[in-house]
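Shared between the two complexes below is subunit A, which has subunit B as its partner in the first and subunit C in the second.
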Partner chain A sequence: MAIQLLLNGLAVGSVYALIATGFALIFSILKFSNFSHGALMTLSAFVGYFVSAGTGWSLIPVLIVSMLVGGLIGLFGEFVAFRRITKRNSATFYYFVSSITLGTFYESIVTIIVGAGYFVYPMFFSKPAIWIGNFVIQTSSVVMLGISAIVLIILVFVLQKTKMGRALRAVSYDRDTAYLMGIDVFKTISIAFFISGALGALAGVFLGIYNYTLTAQLGNLVVKGFIASVIGGLGSISGAVFGAVLLGLLETILIFFIGSGYAPVATFLIMILFLFIRPQGIAGKSVQEKA
Partner chain B sequence: MLKVNNLSASYGYVKALKEVSIKADQGQIVSIIGANGAGKTSLLRCISGLVKPTSGTIEFLGEQIPKKPNDIVKKGIIHVPEGRKTFSGLSIQDNLLVGGYLFSAKENEEELKKNYELFPILKQRKEQYAGTLSGGEQQMLAIARGLMSHPKLMLLDEPSLGLAPLIVNQVYELIAQIRDRGITVLLVEQNAKKALGLCDKAYVLENGEIILEGTGKELLCSESVKKAYLGG
Partner chain C sequence: MKKLWKTLLVLGVAFSLVACSGNKTETSEKKETETETTEKTETPETPETPEAPDTNGTASSGDTIKIGALQDITGKTATLGKMIQAGAQYAIDEINAAGGVNGKKLELITRDTTGDVTEAINAFTLLATQDGVSAIIGPPVANIGLAIAPLSEQYNVPILGFAIDTAVLQNKDGVTYKNMFLFQPSDDQQGAIMAKYAINELNSKKIGAIYRSDNAYSLGLVDGFKSYLSESGSDAKIVQEVQFTATDTDFSTMLMKLMNAGADVIYAPNYTQELITIAQQARAVGYTGPIIMGLDAAPPFASLAGAASNNVIYINNITESEPKVAEIMEKYKAETGADATNKFFLGYDVVNILADTITEVGEDSVAIRDAVEKLTGYEGLTGIISINPENHQPQGLEMYIHEIKDGQSVMIKQYSAE
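After this line comes the complex of A and B, so read on.
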């Protein structure tokens, strides 16, 4: 039982990690919480649903198409809702308003097209569960955990070791100075939004699979990514992953012991506790600027 | 090499620069001195493209400079900003590599080697965060990072700011070395004595206007400069 719980927790945590990193990427580069991220997840999850329903493709091509569309939605959002704010160096407040508006816009699109009903998400696996000795493990958990881990490892590699990753980090530390080093800042910001959108789409499709059903409210789960970011340290990618995995494990264990009614209460209490004790999160930066 | 003609710039209603014209020739150190708020940094930010001038032209190697800062870097102008502005949470090596953003991995490797020879301290600590360096070391890193872009013209904003006199001397030796490599230097300073001692030519900026120009020696001896900037 313990191993099943652990694996489930890790699987849920890895999906939360996708949400949290997509969120953290934008937070670190533009210093605001992107509230449209949840609606982007919903939109892309529906894209995955319709692609699968329309073509009968297997999981991987559906994921790739959804991620591409999610990335493009991210690009669109940045261009329409945030670019002018960035160009004018306006206050963070405008980003908040703009991202909430953009999120509402996406949600409305979903509601107009699919209505308020719920959809049964396609089952991509011929065997819904795998037996290993005495354990039964959901196939979807294993696949989700595996793919999320691969994607996150690629992301960390890109951020740490490639030119593009260095540009992303430089822009998130100091936009003007990055510009002075010859980095095309707006192109770099667009790349961040594309990656964030693709991660959001992947998370959206996975949440659809994991919950079996898909509704226009799927995006509300973005809150989990937000909690994970707070626990891990806002804007820190590794912190977001760590916080998300912790949250996933915690939630699964809590649901098992106290039921799904009380589990969210406990997770929010933990988040509040974190804000009290360690507001910078687990991976909060200790490096200070020197004059 | 660099020719700024009648350049004006403003922030909202505040005029930062009024019809400023300066010139720098290949291989020279040209310095701009002036008090806080005189418009020195604004002038540099116009040349590097971060501030859009309201009127006037900037020519570099006989051509108008491009509009976007990243395109200006491509032309060979690098701006080492005031307060170093190193990327504190990036390693020292990553800071240098960001400086060489426009170049291939191979070119960067060679340039890294050169810079590490010039700055052994950076090599020793290349894996550490830039934020852990002392002020003087950060200034060295900022200059080294600028050199990574193979510049023809380096804009240096207040490189001696907040540094101990001994370190200031090191920074100035370094600036002389950079000039000896054939890189033109436009040096903005409040530390007028230091700047005038090194430069070939200097301008005095006051309230956004050039009020005096001459060789470093001429300005060092000028009565009005002595009074205003050298402390009698």
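After this line comes the complex of A and C, so read on.
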């Protein structure tokens, strides 16, 4: 039972990690919380649903298509809602308003198309559970955990080892200097939004699979990604992953021991505690923002 | 550049406006098409409440007898409301084709509650005052019923409803509202029926319960279940219960807790969407035993939940093994392409009861109320219905217990709460 709980927690945590890294990526570059991320997840989860229902494809192609579409939605969002604000060097407040508006826009699209009802997500696994003797694990947990881990490792590799990754990090440290060094800042920002969108889409489809049903409210789970990146340190990718896994485990254990009614109370208390004693999060460095 | 920004902004605003209005037109279109049968759905203005209650009862005049339907046609619970309306209309068409009642045709006047309490009160007031209906087919939703119940005292129109919360029938002091009636087993009765099955047929000793703590429907069914367990004197008991709320979507950890407590039966009185996830995740965490569910696991649940629905046991008002039910389902499917659910037959039975009553006592709403209160042994498709004059609930009304085997619902037994 303990191992099953742990595995559940890790699986949930890995999906939160996808949300949180998508969130953190944008925060690290443009220094704002992208509140349209949740709606992007919903939109992409529905893309995954309709692709799968329409074609009957297996999981991997559905994931790839959803991630591509999610990435494109991310690009679109950056171009429509944030590009001008970046160019004018406007206050962060405008990003905030713009991202909320964009999120509402995506949500409205979803509601217009699918309505208020729920959809039963296609089942990708012939067996919902894997039995090893008396021991049972959820197929969806294993698959989610595996794929998320692979994707996150690739992400870290890209960020640390490739030219594109270095450009991303350079822009996140200091956009103006990066620009002076000859880095195409807008291309780099676009790439960040594409990756963030693809990660959001992956998380969206996973949440659809794991919960078996899909509604237009799926995007509300973005809050978990937000909490995770606060715990981990806003803007830090490794911190986001760490915070998300911690949150997933914590939630699962709390639900098991104190029930789902009190679990969110405890979770939010922990977040407040973090904001008090370590506002920069686990991985964050306490560096003063430059004026 | 500034121009470009402005153009974009204008485009954005225009687009969002189009998006908004597009949404609205869609709903209003729906409203029009779905309530074609009545031209009175559009509420012109807030209805005026008469100052002095009408004590003479409402008698329809003219050559039709009017029956009101107070149902959600366009709101969140529209799937339920539209089914009841369709069943009522179906029965009315049958009756009219056979010559009507006392030489008059029946006419259904539907008013849309939109699933909203305020709208529902307006709609009810219009039905009770302007439309001159002899009786009203009430909603299957407790919050609407609760809003209507105190108001119904002011008028003399009986409301034959389906909200299983007994608070809809009695006020706080336990006095029964004169016009409110329930035409399916109450939540206490349904909970008891399920508990009875768990004890008698499944020989369950350890029951695990999973239910939504912020939903009166779930809580009512849990209460009924628990009180039957304690009154039955059986050694079966709830060994573990887990509660969840509207925001929860992952039940696997909660289900593991039930398994950990050694539950041999899981009781899950929740809404269909939640039941799909619960069934799937229960199987995914390795629970293979029976899961008892309420009316919400009636078709199309099995087709939605797939293989996970096997060994799910649920209660229903109807059974497809009843030839008349099967016949109507087939006919309705051929006519409309839609499946008739249990709510359809609730509406169907109530219209037939009203037709019988009107044949006997005429179309005066007070006379109908008095007759409905004394209803005994009406053989409907949803069971043999007798109304208890004390509490206006059906007495000894049986429900059909089904088990899902290989995706097919099999009727196992008929049970009443008593």
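Note that the second predicted complex is superposed on the first by the 285 of 291 C-alpha atoms of A that agree within 3 Å, B and C clash if a C-alpha of one lies under 4 Å from a C-alpha of the other, contacts with A are read in each partner's own complex, and residues count from 1 in each chain.
In this text, a residue touches a chain if its C-beta (ideal position, glycine included) is under 8 Å from a C-beta of that chain, and two chains touch if they have at least 3 such contacts.
Owing to the predicted nature of the structure, the values given are computational and were not obtained by experimental measurement.
Applying the stated contact rule after C-alpha superposition, one finds that A:Gln138 touches subunit C and leaves subunit B untouched.
When both complexes are overlaid on chain A, the residue A:Asn211 reaches subunit C alone and has no touch with subunit B. Applying the stated contact rule after C-alpha superposition, one finds that A:Ile255 touches subunit C and leaves subunit B untouched. In the superposition on chain A, A:Tyr179 makes contact with subunit B only, not with subunit C. When both complexes are overlaid on chain A, the residue A:Asn8 reaches subunit C alone and has no touch with subunit B. In the overlay built on the shared chain, the residue A:Arg166 is in contact with subunit B alone; subunit C does not reach it.
When both complexes are overlaid on chain A, the residue A:Ile277 reaches neither subunit B nor subunit C. When both complexes are overlaid on chain A, the residue A:Val80 reaches subunit C alone and has no touch with subunit B. When the two complexes are overlaid, the chain among subunit B and subunit C that reaches more residues of subunit A is C. Per the touch definition, subunit A reaches subunit C in the complex via residues 1, 4-5, 8, 12, 80, 84, 105, 108-109, 111-112, 116, 118, 120, 123, 128-129, 131, 136, 138-141, 207, 210-213, 215, 220-221, 252, 255-256, 259-261, 264.
Residues of subunit A that touch subunit B in their complex: 163, 166-167, 169-170, 173-174, 176-185, 285, 287-291. Subunit C contributes residues 5, 8, 12, 16, 19-20, 22-23, 26, 76, 213, 242-245, 247-250, 252-254, 256-257, 260, 273, 276-277, 280-281, 283-286, 304-308 to its touches with subunit A in the complex. Across the interface of their complex, subunit A is touched by residues 48-50, 68-70, 73-74, 78-79, 81, 83, 85, 87-90, 94, 97-99, 101-102, 105, 129, 131-135, 138, 145, 149, 162 of subunit B.
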